[in-house]
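By written order: A, B, C and D. Residues from 1 in each chain.
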Amino acid sequence: MKENKSRKKLAAGLIIVIIAVGTAAVKIGAFLPTIGDADTPANSYVANYYITNAVKETHSYNIVTAVLADYRGFDTLFETCVLFLSALVTMMVLFGKEKVPKMPVKNLAEDKYSAAFGGDIMDASFRIVVPIILIYGIYVLFHGEISLGGGFQAGALIACAYLLDRIIPSIRMGRGKIKEETALIIASMGAFFYVITGILPMFNGGNFLEFAKLPFGSSLAAESIVKLHTAGILMIEVGVTVCVMGVIIAILEVVLERTDFDE
Amino acid sequence: MSELIEKLEFFLADRGIYMLTLILFAVAVYGMIACGNYMKKLMCMNMMQVSIIFFFLTFGQKNGGTLPVAIDEVLSAEAYINPLPHALMLTAIVVSLGTTGVGLALLMRIKDIYGTIEEDRITGDGGKKQ
Amino acid sequence: MITESLRPALAVGTALLAALLILLFGNRIKPNLREAITLTAAAIMAGLIFSMVPEVLKGNVLISNLWTIADGLSLKLKTDGAGMVFACVAGGLWILTSIYSIGYVRGHHEKNQTGYFAAFAVCLASAIGIALSANLITFFIFYEMLTLATYPLVVHYRDEKAKFSGRKYLAYTLVSGQLFFVAIVFVYVKYGTCEFTPGGFIEPGSMGSGIMCILFFMMTIGGLVKAGVMPLHGWLPSAMVAPTPVSALLHAVAVVKAGVFCLLRVVCYVFGPESAYWCSGSTILCWLAAITVLLSSLVAMRQDNLKARLAFSTIGQLSYIVLGISLLSAYSIAGALFHIVAHAFLKITLFMCAGAIFVTTGLSEISAMRGLSKRMPVTCACFTAASLGIAGLPLMAGFVSKFNILEGALIMGKPFFMVVLVAAALLALTYLIPVVQIFFGRENSAATLNESHGHGGRAGIDAAPAMLIPLVITAVIAIILGCIPNAGLHLYDMAIMAAEEITGGGGVYLAK
Amino acid sequence: MNQIADHLPVLVILLPLCGTLLCPIISHFNINAGKRTVITALFLSIVCAVLQLIQVITTGEAIHYWLGGWAPPIGIEFVIDGLNGVVILLVAIISFTTALYSSPFEKLERIDRIHSAGYYSMLAFLSVGLLGLSSTGDAFNLYVFMEITAISGYGLIAVGEDKGPIASFRYLMTGTIGACMYLLGIGFLYAATGTLNMADLADRLTGLMDSPLIVMSAACLIVGFGIKMALFPLHGWQPAAHSYAHPAADPMIAGIMIKIPAYAMLRFFFCIFDEQSHVMQLFFNAIGVMAVIGILFGSLKALRYDTYNKILAYSSIGQVGYIAMGFAIGNFYGIIGAILHIVSHAFMKAGLFYTSGALKYKYGIHDINELGQVYRKMPVTSLTMVICALSMIGLPPFAGFFSKWYLALGAIEKGNYFYVAVLILSSLLGAIYFFRIMEKLFMGEKTAREKELPEKSRFELPWQMLLPLLTVVAAVILLGLFNAYIVNGVLKTTIWEVVLT
């Protein structure tokens, strides 16, 4: 019965593979654009506009960041929301739900020196690593528009610092833990900050996320518009960073709650 | 032998990578259907998403193009590879991350409830029929 | 002359509003108040309908063009001769059946009275809507409303038997309704209109005769099922499990009459006599009706249950109307229309009698009713009069209509159908007169003497006034209409008017 | 914000978005305030949706909203025309009523702060995703919204009944395949044209319709949208997901989550691709076959079950087939039928799931055999059930009848009588399983029930639950009676100008 079922699945899978590979092999040469050709529609139409105008219009040297945060900033807003949402769903699914213990859990607090991770050397070294990671994270955040980097990476790095702080020290010196709910609130605040950045131009006669109309510029010279774009991109990157950080911490805490490393 | 490799290289550089990505896609879908273990299914799902990302990135490629980070105001279109697929795929990566995260959380919950993540054992004991 | 008027819409609206009020407050207010709503609505509706009769007789058409119900089609009600005949019957009989119902359900201590009266009101509203609708989509909406509103009445007792007959009823009506629906859409796409036109809007030869014949039967099947024409009559006898007033309503006023009316609209106002004849649909219909008339009479003779016997009698009498319509002559159509009236009054009298007998004595089998006339003289007298009327004796309402249909068959040169008609009239005598004989038979069976019988049995002479008065009134009206067909509402004139409209005023439609 | 009217398209989405993001923060201080924030935001979203629809109708032309102020092929735009104006309003209404409907459940389950806030956040996110799906004019943005919808859907299904997580996981697997197929389809389109804006895509695709790229793309899109809307061979996830989702969120999941992808499919196949081309005709035929089999399969399968939710779920598979059939018919009336069915079926199915939730709430009823005599205690619920069921069968004068009317009109106009036969067959099958439920409800024996809430108030249910029920009843009746006003006033011009060009 069981074998029969899996064989059926196998057959179905094979059919899919055959069809997909077959079509791919037969047809692929003909209709997809040649890789590396600069004249394909994909590489020439809108893409060229971004390359030629991004620096002029958004003052962001990293064109991908310009596309991501400015031209298609609306996508990124919801990308951030997806992350927030995944943290939310993880929390809804796992938080507060009793884990069914399979074996008696060892009481870690009593057993002072046998914590799974850590040990003295790690305790010492992570103190050096964490500040570096934090600084690097902030660097990545602010440097995102000139070079590679951006809010997502920065958020991940900062959360990484927290992660080290959370899991490396042995239990006895475990320091302040950010509660799951707090982390979620931080994440939602980050995303909300993004939304606020988008809403601000609406008070100044602009559209949603129209950074050129951010109500900060005192003069309306062309230069200041470009600066406004910079400010806008920076603000949303900050929002993204905070959100990503919150999301990772929230997921981490929810999972940690249910994990014992002895297993 | 070297001739063969050269041919292969040419083929891959021309259009072959599409084929590889699509094969990856097909293998992933096959895995999602055929694997009985939910964790493996999830990994196949991730593979599938990655294959799509590769697919997008391949046609954003330009011969002789560099990273789309403007250098010294060089703004001719040929100099940089297409930034749009990269931007789109950043979004897609994050989305796939979110999906995978949710999937993992669900798996943990399923493990709690059923004590297993093998499909046969879950559907076997009355999972499917009401 | 065509005038916009809200009166047709108001007539339908009153009944719907009554239904809504009953449904909303029925369980909160006293039963008397609830019944007052029914009666008030019935009176208002009857008043509205009767007030339109003079206009129609003058040749005016009142149109309520309510609103666009679907792209290019509006919810439209209008008064014409044929519709007004049916509307007058349904509206007039609502008052009587309501009074009777009140007597019946109270005498019989029925459950779910609120739902019962609400569904009753919706039924009547849809019947009036069917009578007055001016195009096919309006017609279909009310037609399906009637189907749905009748269902709760059929399953009123909510036991296994009721469930079964409810299912049977739904199976017949919903399937036919869906076919009717497709046919309507087809006609709309093909001819671009859904308006009822006297004489029809489908030209003969506008499509192949085979296809047109199929279309003809898809359109008429709705009517055929509701009218219980023979291969499709199965639901009708089993729907007898419902309370008697419901049977009266089903058989005399709303449902089956809506069925024949549907046939009339389709044959005469959509296809028109020419097309109906051209695609040979009407000929097949004639034969179906003739077979039904004869067979149902034969089956009726074998029934011992009074209501079942009456049910088969209904099937037969309705096929009379169907035959009248499908003979396609002005006389027969007028006769058919008037038979709607005549049969309504006669059959409702019969059913009310059956109900009164059941509530008063608890009897439903004919064989047990020996000597009932001593116990219920008035009821039995009315039953006798109505039976004679059904058989088509002169000076009764049934005679006028049957005579017209016969004349139509004669003019159309179809002597076979004349024979069928006469034979059927005689058969009607054979299955109803024995009942009368039993009623007036000499020896008394034990059950009838039992004074207060069973549940709700009532001591004293004859049935409760609430039941007795309506059935006397209907019987009297049936006799009056037989003597003076035009008495009161000029129903006969309107029937003739409608028939002339359909056949183009020539009196006779000549088959080409 | 000097001119709120200019920002209506984005406000419709922003309000729920702000609500959902603020909900966890506010809930931290006051649990009820967080909930109320979401409900208020969703209500304001309805107001905006109404205003924007009025604006579209009065000006007679589509609203284009450029996000970030960038002109379309460069940036993302929202396009609101008569068509999606209606769909957006539908989503907004059902989201609001569902949010309102959820609050009594929360008291019942006595859940903690995080779960309460999270639930409302997810609900509002679902609404945001669906609103975005229907208003966006950018193909990739549509993907992002699709994923927002999907992930919040996974969450709402997972927090449902005991089998929720497994149903949710399966949906996650299938849904992700769907999203990836969609992305692949867009990839082909982008490779062919170099743009992602829908209007621009339509322009640049003229003359390209026979290219294999477009064929591949259309095939991928059919699979992608097919999975999301649970079209027949791709429906595997749907019955479990709809049966085990959170009972309060189920109306939204079952009511609109499978309809909006159908709408997006319409956008792609009629507005972007050239529906007259030979290739597309073949695809429409394929969709037609899927629809026909789906309609019959769903209806037949629904006959087999006794679980109320399962019946409704399988019936949804059939009803989605109606919509797909409208696309397959592809002429004016077919499209009208499909869109009206999107709207009316959303209300009907939401209404039926509202009743299902109410039954679970009050008596813990899952099985239709336990329904006996419930109508005495829950008249409004029963009335809703009856009206929605009759509408589902397609009986006049309710909304379901008229979508069927237009579909039949379109099919006959095109000479496709087979579709008509399937339509009526499905109606009859629908009649069987819905009358079965109604028979149980009105004529069944009263059975022992899991639980029985003590009756505190005068009404059968808390007002938050009654209001959605009554809204649905009103919507089903009004949509039926006055459908011509929607068709003539809103949809007709849009369909002729945008869809069938």
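Everything below uses one rule, namely that contacts are C-beta pairs under 8 Å (C-beta built on N, C-alpha and C of every residue); 3 or more make two chains touch, one makes a residue touch a chain.
Worth saying up front: this structure is predicted, and the values here are computed from it rather than measured.
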Task: Mutual neighbours - chains that touch chain B and chain C alike - done: D
TODO: Could you tell me which chain's Cα centre is nearest to the average position of every protein Cα atom shown?
DONE: D
Task: Whole-Å gap separating chain A and chain D, where each centre is the average of the chain's CA atoms - done: 30
- [ ] Please compute the C-alpha centroid of chain A, do the same for chain B, then give the distance between them in whole Å.
- [x] 17
Task: Whole-Å separation of chain centres (CA-atom averages), chain A against chain C - done: 73
- [ ] State, to the nearest whole Å, the distance from the C-alpha centre of chain C to the C-alpha centre of chain D.
- [x] 44
- [ ] Give the residues of chain D that touch two or more other chains, as numbers and ranges in rising order.
- [x] 140, 144, 147, 151, 154-155, 158, 165, 190-191, 196
Task: chain B residues counted as touching two or more neighbouring chains - done: 25, 29, 59, 84-85, 88, 91, 95, 98-99, 102, 106, 109
Task: Touching two or more other chains - residue numbers and ranges from chain C - done: none
Task: Each pair of chains that touches, named by its two labels - done: A-B, A-D, B-D, C-D
Open item on the list: Under the stated contact criterion, what part of chain A meets chain B in this complex?
Closed with: 2, 5-6, 9-10, 12-14, 16-17, 20-21, 24-25, 28-29, 32-38, 40, 42-44, 46-48, 50-52, 54-56, 61-64, 66-68, 72, 75-76, 79, 82-83, 85-87, 89-90, 93-94, 97-100, 102, 146-148, 152, 251, 254-255, 258
Task: Complex interface listing, chain B residues touching chain A - done: 13-15, 17-19, 22-23, 25-27, 29-31, 33-34, 36, 58-63, 65, 67-70, 73, 75-80, 82-88, 90-91, 94-95, 97-99, 101-102, 104-106, 108-109, 112, 115, 120, 124
Task: Footprint of chain B on chain D - complex, ascending - done: 140, 143-144, 147, 150-151, 154-155, 158, 162-163, 165-166, 168-169, 172-173, 176-177, 179-180, 183-184, 187, 190-191, 196, 243, 305, 307, 310
TODO: Would you mind writing out the residues of chain C in touch with chain D in their complex?
DONE: 67-71, 73, 75, 137, 140-141, 144-145, 147-148, 152, 155, 158, 162-163, 166-167, 170, 174-175, 178-179, 181-182, 185-186, 188-189
Task: Interface residues, chain A side, partner chain D - complex - done: 23, 27, 30-33, 40-47, 49-50, 70-75, 78-79, 81-82, 84-86, 88-89, 91-93, 95-96, 180-181, 184-185, 188-189, 191-192, 195, 198-199, 201-203, 205-213
